[in-house]
Amino acid sequence: MIEIKNLTKSFGDLLVWEDVSFNIQDGETIAIIGKSGCGKSVLIKHINALLVPDSGSVLIDGEDIHKMDYVSKRKLRQKFGVLFQGSALFDSINTFENVAFPLRYFSNQSEEEIRNNVMEALSHVNLEDAYNKETSELSGGMRKRVGLARAIVLKPNYIMYDEPTSGLDPQTSQEINELIIDLAKSLDITSIVVTHDMHSVLKVADKVAFLDQEKLSWHGTVEEMKKSEHKALIDFITASEYQIKQRVEYN
Amino acid sequence: MKALRELGNYSTLLYQALRSSTEFKTYRKSFFHEMVKIGYDSVPIIMLTGFFTGSVMTIQSAYQLESAFIPLSTIGAIVSESILIELAAVISSLVLAGKVGARIATELGTMRVSEQIDALESMGFNSVSFLVVPRVLAGIMMFPVLYIVACVFGIGGGLLAGLFTGTVPAADFLLGARMYFQPWTVIFGFVKMFVFGFIITSISSYKGYYATGGAEGVGKSTTNATVISCMVVLLADFLLASLLL
Amino acid sequence: MKFSSEIKVGITVLLAAIAAVIGFRFMSDVPIFRQTLQIETVFDRVDGLAVGSQVYIKGVKVGSVGNMQFTETDSVQVSMRLDVPNSIPRGSVALLTSLGLIEGKSIVIELGDSDERVGFGEKIEGIYVESMMEVLGSKGEELGEDVSASLGELNQFLRQLNKTLDDDTRVTLNESLESTANATRRIAGLLEGKENEISEAIDAASSMLVQLDSLATDSRPQIETLMASIQENVDDLENLRTELETTTTSLNGILQKIENGEGTIGKLVNDPAVYDNIDELTKELTKLIKGINENPGRYLRHMSLIEIF
């Protein structure tokens, strides 16, 4: 379980958000939504301590990650798989090596075991055939999937998606959304999805956290969200024609 | 204020690098890779730089010292001494600030803005040990090696230029070069290159590691890395000369 | 063929290390692959000697000076690296000397005549030789005064000589020569009856011209100024000739007297002793100028020394 308590962050004089608190239960999928630039990505970087908050704490199974020394912090980070917005693949090595990268350094597995693990991770994202492709040959959707394979290869307890569907066509977005659901089920993993794509949220999420006006404006389950009277939230989720239609249907 | 903060960040990065330099397993592979990139791959350009520095020195000194009262061996002495004590180290370093420094800053800058550094960190890597340490170590190890290359080709270039333009016979050149040769000069050159190697690789790593703002930011970091490296190299050259000579 | 990073790095470092060792030995003037003989020597002082200074045996460069350090007795121990095939005999002596006036110091080893050879690291005797400049330096002031005093005198002498040559003697000489030649010419034209005397006069004049010629080559500068004044005088002569033209009649009268052996010119024509006197004068002059010309070094050297001091 991840407990986020009274987290406040600012860059210089610019306040990102303050006093953010919510819990993430094991096994659930939570979507963090909000406008671009409201600090969603910054928030998840606090969860695995890539960034340090001004105040507040993040407890992972009861331990405050920000109070740990660097070595245990790094150990704990390995419980998190992260899919970055631009996939963040290492462009000097090919697909297989990208996925094998953390294994080579953090496990004492033989070449055979590494190979098996990498191919298993690639099969989760349906990319077994592309294992020897160079990073530059991959399309945007494939890059996301390779990034995802790399994120799950160390068998993490948590996986964080930073804008998993941004920059992808609707069909590929749909595939990624299905992957998120698949992985959550098959690996019994806790997922944290940062997105502003409401379609994605409605499809994959169990819970929603809404960041607005420098604070956590609303959080609850998707069902609760659909019935919510929170004005900013309604404005946000009904910003597109399609979602207006959906909302009408729900009502 | 900004400069002070930069200096603070730079020192912090160096401290982290120093602290994580014990994790040899993490950076062993990239350390050798960097030694190839900084050392082996720079040999041709250093040969070229050294050779032309030497030959231009010879031709120009011969032109300026065109007098019956100055023995030709003086030219050999001037050329070889200047190359050993100053030019081989400084000119090579300025060239390498462009070649090696810019590459490091661009590489790390791109990794930073494309979140590859975050990715490394989130996988549990010590990104400083993985990216900065091998580069700085390779720099301080390979720069002195390149100094040797620059010296050999500089003095050789000077000798050949004197020979082929007919201004300084090889025997006179060597007589002068040997007469004023002091082992300390070479040691001083090594010390310089060691320091310059550290300066260029660490500043470029710092600039790249903390790059922000997309492709433009990477470009800016690269420019800054090269310019600041060059300036600090010249400053360090001055300091070393006044401290050690 | 693809090399791994480690091999590439290894090759680079190895080659550089080899280049450094060879280059270092090359620049230190030590044979690159051969062992050298190292011997020591002790001097009272080593002014001007530097690490890398050269060592000669019989004018052949055989090595260079390694390091120098003080001994307990406050003299300086100098080690040399020599590249000689068969060492050097015991009893050899190292002289610390300078080969040129302004060059640095070198060590010259005078070989001994023993059959035994000096071994590695052994010591030979060293002697510090005062160089010319040092001798000059210590005696310089004294010497300088002497030299400048004698040069002062010399200058005065030269000035006087010049003055004498320029003003008095030269003009007098010119005048007498010219009037002589002139008179000779005139006389030759006019004295048809006196062929013997004329031919004598011509002989004398031609020998005189030979003298003048050698004089001219010996002392061109002086002659050149001489010629300038002769040119002037020739111009004068031109006037003189016209005057003479008008006074031919009166000359005729005078010549009548000369024919009779009356007056100085009559004596000049009839008495060869006068020619001899002129001849001798010319010779003396030639000798003097020759002397100055041939031996200017003496004076000029002092002159240049004056500039050095």
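Note that the chains are named A, B and C in the order they appear, and that numbering of residues resets to 1 at the start of each chain.
Everything that follows uses one rule, which is that a contact is a pair of C-beta atoms (placed from the backbone, for glycine too) under 8 Å apart; a residue touches a chain by one contact, two chains touch by 3 or more.
Source: prediction; values computed, not measured.
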Write down the pair of chains with the top C-beta contact pair count. B-C
Sort the other chains by how far their Cα centres are from that of chain A and give me the top one. C
Nearest whole angstrom, what separates the Cα centre of chain A from the Cα centre of chain C? 98
Cα centroid separation, chain B vs chain C, in Å, comes to 55
Distance between the CA centroids of chain A and chain B (whole Å) is 43
For chain A, which residues are in contact with chain B within the complex? 45, 48, 50, 70, 74-75, 77-78, 80, 82, 84-86, 88-90, 101-102, 105-106, 154
Mind listing the chain B positions that touch chain A in their complex? 25-26, 114-116, 118-119, 121-126
Counting only contacts in the complex, chain C reaches chain B at residues 4-6, 8-9, 11-13, 16-17, 19-20, 23-24, 27-29, 51-54, 64, 104
Hey, which residues of chain B end up touching chain C in the complex? 29, 32-33, 35-36, 39-40, 43, 80, 142, 145-146, 148-149, 151-152, 155, 177-183, 186
